Amino acid sequence: MVVPMRASTEPAPRAVAGAPVVDIKGLSLTYEAADGPVYALSNVDLQIAEGEFVSFIGPSGCGKTTLLRVVADLEQPSGGHIRVNGVSPNEARLRRDYGFIFQAPALYPWRTIRRNVELPLEIFGISKAERRERSARQLELVNLKGFENKFPWQLSGGMQQRASIARALSFDPKLLLMDEPFGALDEIVRDHLNEQLLRLWDKTGKTVLFVTHSIPEAVFLSTKIVVMSPRPGRIIDIIDASSLGRMRDLDIRETPEFLQIAHRVREGLRAGHSYDD
Amino acid sequence: MVVPMRASTEPAPRAVAGAPVVDIKGLSLTYEAADGPVYALSNVDLQIAEGEFVSFIGPSGCGKTTLLRVVADLEQPSGGHIRVNGVSPNEARLRRDYGFIFQAPALYPWRTIRRNVELPLEIFGISKAERRERSARQLELVNLKGFENKFPWQLSGGMQQRASIARALSFDPKLLLMDEPFGALDEIVRDHLNEQLLRLWDKTGKTVLFVTHSIPEAVFLSTKIVVMSPRPGRIIDIIDASSLGRMRDLDIRETPEFLQIAHRVREGLRAGHSYDD
Amino acid sequence: MTAARRASVLTPLVLAGCLYVLMLVHRPGVAGAPGPLFWGLVVALWLASIVALSGLSNLRLKSRPADRLASLAVPILFGAFLFFLWEVIVVGAGVPSVLMPAPSAIARRFAASMPVLRDDFIQTFVKSVLTGYAMGCGAGFVVAILADRVPFLRRGLLPLGNFVSALPVIGIAPIMVMWFGFDWPSKAAVVVVMTFFPMLVNTVAGLTAAGRIERDLMQSYAAGYWTTLLKLRLPVALPFIFNALKINSTLALIGAIVAEFFGTPTVGMGFRISIEVARMSLDMVWAEIALAAIAGSAFYGAVALIERGATFWHPSYRT
Amino acid sequence: QAEKVNLQLKWVTQAQFAGYYVAKEKGFYKEAGLDVNIKPGGPDIAPPQVIAGGGADVIVDWMPSALAAREKGVPLVNIAQPFKQSGMMLTCRAETGIKTPGDLKGRTLGVWFSGNEYPFLAWMAKLGLKTDGSAGGVKVLKQGFNVDPLIQKQADCISTMTYNEYWQVIDAGFKPEQLVVFKYEEQGVATLEDGLYVMQDKLKDPAFVSRMAKFVAASQKGWDYVRKSPDEAAKIVLENDASGAQTEKHQKRMAGEIAKLLDTSGSGKLDPADYDRTVATLLASGGDAPVITKKPEGAWSHAVVDAKK
Amino acid sequence: MTTEAAAIPGLKARRASFRPWEGNTLPVLVIVLAIVGLWYAAALAMNWRGTADAFERAGEARSAPEIALATMGQERPMLPAPHQIVFELKKTVIDTPTTSRRSLVYHAWVTLSSTLVGFGLGTALGIVLAVLVVHVKTLERSLMPWVISSQTIPILAIAPIIIVVLGSIGVTGLLPKSIISAYLCFFPITIGMVKGLNSPDPMQRDLMRTYSASQAQTLWRLRLPASLPYLFAGLKVAVAISLVGAIVGELPTGAQAGLGARLLAGSYYGQTIQIWAALFGAAILASLLVATVGLVERLVNRSMGARTA
C-alpha cells in the first residue's frame, strides 16, 4: 500500500479559521538503518489550531526534529495522516506556508550575513530595495547590526544562530517551525529574543512550533507544551498553558501557576528518561 | 610588542602544585577582517590554579570561544603573555595537556560513533582492546549505548553533541576545555551530565575551563565564574564560588548563597549587554 | 629567524657560484669534458640551494608586498636552478643537441624567432585552444546539468559520457581533419573532445557535494530546481568545476598541439614542432615547447586566480 | 657468438623494408654471424635521434633528413644505398585540370613535411612558385599519413609514393587515367631515399666496420631475394607486422614496386653522382629555413661496402 | 482527507518493486537507439558526396535511393554506418582468435596492460605529489608551478626523446609506454587531491591540532578520507587519460601493437572502418575502466557511511 501524500487531488483551501493548522493522526516514521530500523516517531496524534504557540520538549533523540521535518515535508512518514493548513505537507511547502529554523545555522559560506538573510527574499522574488530594508530590520532585531558584511565563519556560534533566525523571520511566514533556535544564546539575549518572539507572535497571529530544551522557556512562550519520549519517539503528555494568557512578561516566571506547569513538564520529561537517578 | 610564544628557550617544567595551570596577562587578540579589525579579546588577565573549575559566561560574540582557542594554541594572540601548565600553549598542546570540546560536535562523517570516540585514542597509540573498552565506557556515560555503529548523520543534534563529549573524555586529559558542551541537551540530561562531570572533576582533580550560557549551570559547577563582555571582548567580573564547596548536589540550587552568586552573575551579564530593556 | 639568516647568506653565495660555474662550463677546455672537481662543485651548489630555498620558503616578512615578493622568488629561483643544472649537464657532458639542446641555445633561438612564434601562437592557442576549451568545457558542463536535471538522461548520458572519455587524440585527429578541414576548426574539435570528460565528471561530482541541511533549507523555501542549482548547488560545486577548468587548461593545449601532427596548414605550434624535429632543429622545438609552457602556465594561472576569487570561502583558502 | 646489430627503420613494418626482414627470416644475417634486431619506425620516430641516443647501430633514413642531422651535429655517414631511385611523386586529380607543373599555380597541395619537404621545395623554387601562401604561389597543407585529402577534395594534389599511397588512391576507386602524377625523378628534383647510415666516429673502429660490412652484404642478399620473389617477401613482411593491419594484396604490390627502385648492381654502393644531385637539390630548395646551408663533407663512405670483399 | 495512509513497512519496500525505467538499462537503450538513428542520418548526409563522386568516377549513373544505400557500405566513408563498425568489431573481436595479431582483443590487451601500469604509477605519483605539496611549503611554492608547466609540454614531441633516453638506460618494453601514460594522468589526481586534502573544515582540523596529532596521523585520519570525493573525480579522469597516454605512447615505440598501432595503421592505410573499430575499442575499454573506478567509489562510500539516498 502506498501513501498518496503527494498525489492529493482535491483543491488546496487555505486553512479556515478554527480548522487545525497542523493535523496529525497516527503518524509514524521509521528510519531504515543497516543495523535495523529506528522508530523515530510512533503513532503520534496532534492538532494545532491557528495562532497557537506549541513547544516540543523531550530527551535528545526523541523525534522532535523528525516531527518538525515531517510537518515541513522534509521527511516522508511511514504511516499515518498529516495535513498542514488543510493540505498535504508537500502542497504546504510548495506554497511556502512556513519558515524553518534548523538546529544548526546552515548559513551559506559564500554569502555575507546580509545576503544570507536575504536568501529567501531573493528566492521569493522580492525587490532589492525591500530586501535591503527587511534584512536590516531583522538583523537589528537579533542584534547583529554592524555584522552585515561579515562571512559566516567570521561570526561566533551564537551570532550564526541569530543570523539564521533573522533569515527565517525575514519573509514573515504564517507558520514558524523553530528547532532549538536559542540553544547557543545566553540568558539575557534569550530572554530578550523570547520577549520579541512573543510580541511578534501576538501581533501577527502566527502559529509557532518550537523545539526547546529549556522548561522555563517552553512554559513562558507556549499555549501548549508537547512532551515527548524516545524509543519509540512518541508524545507522552500535552499540557495546556493558555491559562497564562497570550502576552506575558518575564515576571510571570515566578507565579505559582507557571511553576506548577513547569513542574508538570519536568515530571513528564523525567518519565521519558531512561535513567532517573 | 611581540610574544615570543614559539621561541621560548627555557625548559618546560610540569606545572608545580599551586602554580597556575593557566596564566594570562594582558592578553589581546584582534581578527583582521576586510572591513576593519575585530577586537575579540582585549587586555585579558586571568590565573587559573590546578583543580579549579572555571566557567566563562557572556553575551554571544564576547570572545569566550576565542579565549579557549588561545589557551588551546588554536589561535595566536596579538599581544600579551600566556602560559599553560608553565609552558607556552604550543608546548602544552604538543604534549597533549588538554582535551577540547568544540561548540559544534565536529564528528568525522565517515566514522561510526564508536570510531569517532576512539579517534584520540588511536592517535595516542592506545591498544585496540583498551580503545574498545574506553569508548564503551564513555558512550555509556553519555547514554549513547546502542548507537556505537551509527554514523553521525543518523543521530539527533543532542546525540552528536554527547558523542563529542564522550570523545574528549575518553583519553582522560588533566585539563578540559569545554565550549558549551551541554547547549543542545535538555534539562534532565544536562543535570545528569552536570553531576557526572562534577563527580569526575572532584575525583580526578582535573582543571576545567567551561563555557556556558546557563547561569545556574555556571554557578552549580564552578569554583570561579568569569563574566565577559563584548566589543572589545574583555573580562568584567571574576566571581569566586568556591564557598559552595567542591561536591555539590542539585538541591544546592535553592540555597540563598547559590542564588546570590547567580544574581551577581546575572548583573554582570546584563551590564555586558548593549540593550537592557 | 635563523631560516631567514641562512637564506639571506646562502642565496647570494649560491647565485655567485652558479654564475661562476656557468662561465666555467662554456670555456672551450671545459665544455664536453670537465673534471670531477667541476662536478663536485655542481653537487655542492645543489645541496646549498636546497638549504637556501627551504629557508626562503619558510621566511615570513613583515610587510605584505615583501612577503609576496619572497613567495614569488622561491619558484623562480627553483626554476632558475633547474635550468642551471640543465645547462651545466648538457654543455658539460657534451650531450648532442639533437637529443637535448642547452637552455641558452633555446633562449637564443626563442629570441630570434619571435615572428614565427607569434604566428604559431595565434594559430594554435588563440584560435584552436581557446575556442575548443570554451566549447568543450561548456559542453561538459551542460551535459552534466542535463544529466542532473533529467534523471532519465542521467542514467543514459553518464555511461555515454564515459564512453567518449578516452577517444585518443591520435584516433580522432585524422577524423576531425577529414570532417572540419586542415585549418584550426579541426584542432578545436579535438580539444572539445578532450576537455569534455574532465568537466563532465567533476561537475557531476560537485553537484552531489551540497550538504543535507543546506539542501533542506532550499526545500523549505520551495525553491525550484534552477533556483537551488544557482544559489546552492553550483556554488558548492565550484571547487570541483575549477579543478576541471585547471586540468583542461593544460590538456587543451597538449591536444591542440598534438592534433596538428595529423595535418595542418603550414603554421601552428604543433606543425612547427613536428617539422623541426625532423630537421633536427631541437632548439626550435624547445623554443615552441617553452612557448607552450609559458602560455599554458599563464592560462592555468589565470584560471587559478579566478578560482581564488570565486571560491574564497572554501576551507582550502582559510588556513 | 652472434654479433648484435640494432637497425632502426624509418617507417612502420611494410614491404618498403622487405630486404631486411627477408634477410632475417631467411637466415642471411645468421649465416653472417649476426643477430639483427629490427626496430620499426613511424611518424613519431626520427631515426637520427635514435642513433644519437645510442638506440641503434645503423638506421634507414632519407638523405635530406640525414644531411640535416649531420649539419645539426649528429655526424651521420651513408654506408650503403640499396635504393637507387626515389619513389616520391605528386598525385593530382585529373578533373582539376592540372596537366603540367605549370598548372600547379594557385592550387592546394598536400606535402609531407618532417624532412621530406625539401625535394618539393626545390621543385617549387625551380618552377618559381612561392610556398609561403602569398599570391601567385601554391597553397601548402601539411599532409597526414593518408590519401584522404585527395579523395575528400580537400587538396588538388597530394604526395604519394609509387609503392604505397598511389595504390591507395587506386583502391579508393580512381582509375589511373583519372589521376595525373609528377614523379620527382622525372622533374629532376629527386633525392636519395632509404639509405643506411651510421655514426661517423664508429667507422674508426675496424671491428664495427667489419660488422657493418657483414650486415650490408647480408641485407643486399635479402634485397636480391625481394627482387626475385616479391610475393614471398611480402608474406614475410606480413608475418613480421605486429599491428596486424597490413593486407597481403597491398604488400605484394608494394614489394613489386619497391623492386623497381632498387640498385640493380647488387652491391648497395652509393653512386657519388646521385649524392651530388641530392645535395644540389637540397641547396636549391632555399626558403628561410634551408635544410642544409653548405655542402656537407664526408657524409658518405664506401669503406663498409668495400670492406666486404 | 485523502492522505490515505496505512502503516507500510518502510520506504525501501517501494523501491524494491520492479520499475525498469529506474534501472540503467532502459535509459541507456533509449539513448543508444537515438544516437544510432542520428548516426545513420549523419552517415547518409556526410557520405553522400563521396559516394556520388565514386559512382561518377566509375562512370555509372545511379538513382538517389541507390546512392543512399551505397553510403552505408563505403570502404572509405567520412562516417561509417554503425553496422559497418559492428561488423568490423565482430570480425576482429569474435571471429579472430584472441592470440592473433588481427584480433582487436589482442591489441586492446596490449594497450590495457600499459594503461594499468601507467595508471598505477600515475596514481601513486599524483597522490604522493599532492601529499608533498600539501605538507611541505617549499614544494608547494617551488614545485607546483613547474609541475603545471610540465603538463603543457606536448607529450608527442618529447615522447621519442623519453623513449630513446629510457632505451639507452635499458628500460624497454611495457615500461616506457606506461611512463608516458603516467606522466599524462597523474596531473588530474594531483590537482584534485591538493584541493581535497585541504577541504576539511577548520574545526575538523583544529580537532587534530588539539590532539597534537602528527602530520601523518592527520593525513590518514582526516585529510585522506575528506579528499575522497575529489580523488575519485580525479581518478575517473585520470584512468581515461592514462588510456590515451598508453595509446600515444605506442607511437614512438614503433607502434608495433596495441590500439594505437591499430589507429595509426588504419589511418596510414586509409582503413577508416578499422580506425573506428579501434576507437570504439578504446572507448569501450575506457567506459569499463571508468565504471570500475565508479564501482570502487561506491563501495568505499558505502563503507564510509555515505547516505544511501
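Labels for the chains are A, B, C, D and E, by order of writing; each one numbers its residues from 1.
Just so it is clear, contacts are C-beta pairs under 8 Å (C-beta built on N, C-alpha and C of every residue); 3 or more make two chains touch, one makes a residue touch a chain.
Composition by chain, UniProt nomenclature: A, B = ABC transporter ATP-binding protein; C, E = ABC transporter permease.
Note that the coordinates shown come from a computational prediction; the quantities given were computed from them, not determined experimentally.
Listed here as common contacts of chain A and chain E (ABC transporter permease): B, C. Graph distance from chain B to chain D, where chains that touch are one step apart, equals 2.
Distance from the centre of chain B peaks at D, each centre being the average of the chain's Cα atoms. Centroid distances built from C-alpha atoms place A farthest away from chain C (ABC transporter permease).
Ranked by C-beta contact pairs, the top interface belongs to chains C-E. Note on chain placement: the centre of chain C (ABC transporter permease) and the centre of chain D lie 38 Å apart, centres being C-alpha means.
Computed from the mean C-alpha positions, the centre of chain C (ABC transporter permease) lies at a distance of 21 Å from the centre of chain E (ABC transporter permease). Taking the mean of the C-alpha atoms as each chain's centre, chain A and chain D sit 85 Å apart.
The mean-CA centres of chain B and chain C (ABC transporter permease) are about 48 angstrom from one another, to the nearest whole unit.
Contact of a single residue of chain B with at least two other chains is seen at positions 104, 153. Contact with two or more other chains is made by residues 99, 174, 178, 212, 261-262, 274, 277, 314, 318 of chain C (ABC transporter permease). Taken residue by residue, chain E (ABC transporter permease) touches two or more other chains at 78, 156, 160-161, 164-165, 202, 251, 264, 267, 307, whereas all remaining positions touch fewer. Across the complex, chain E (ABC transporter permease) is touched by residues 53-54, 57-58, 71, 74-75, 77-79, 82, 99-100, 152-157, 159-160, 162-172, 174-175, 178-179, 197-198, 201-202, 205-206, 208-209, 212, 239-240, 243-244, 246-247, 250-251, 253-254, 257-258, 261-262, 269-270, 273-274, 277, 285, 288-289, 292-297, 300, 314-316, 318-319 of chain C (ABC transporter permease). For chain A in complex with chain B, the residues that touch the partner chain are 31, 33-35, 38, 57-61, 64-65, 103-104, 143, 149-150, 154-159, 161-162, 180, 183-190, 192, 195, 213-215, 266, 269-270, 273-275, 277. Note for the complex: chain C (ABC transporter permease) touches chain A at residues 211, 213-214, 216-223, 227, 231-232, 235, 311-314, 318. Those residues of chain B whose C-beta lies close enough to touch chain E (ABC transporter permease) in the complex are 69, 72-74, 93-96, 98-100, 102, 104, 106, 108-112, 119-120, 122-124, 151, 153. Every residue of chain C (ABC transporter permease) that touches chain D in the complex is listed here, in rising order: 96-99, 174, 177-178, 181-182, 260-266, 271, 274-275, 277-282.
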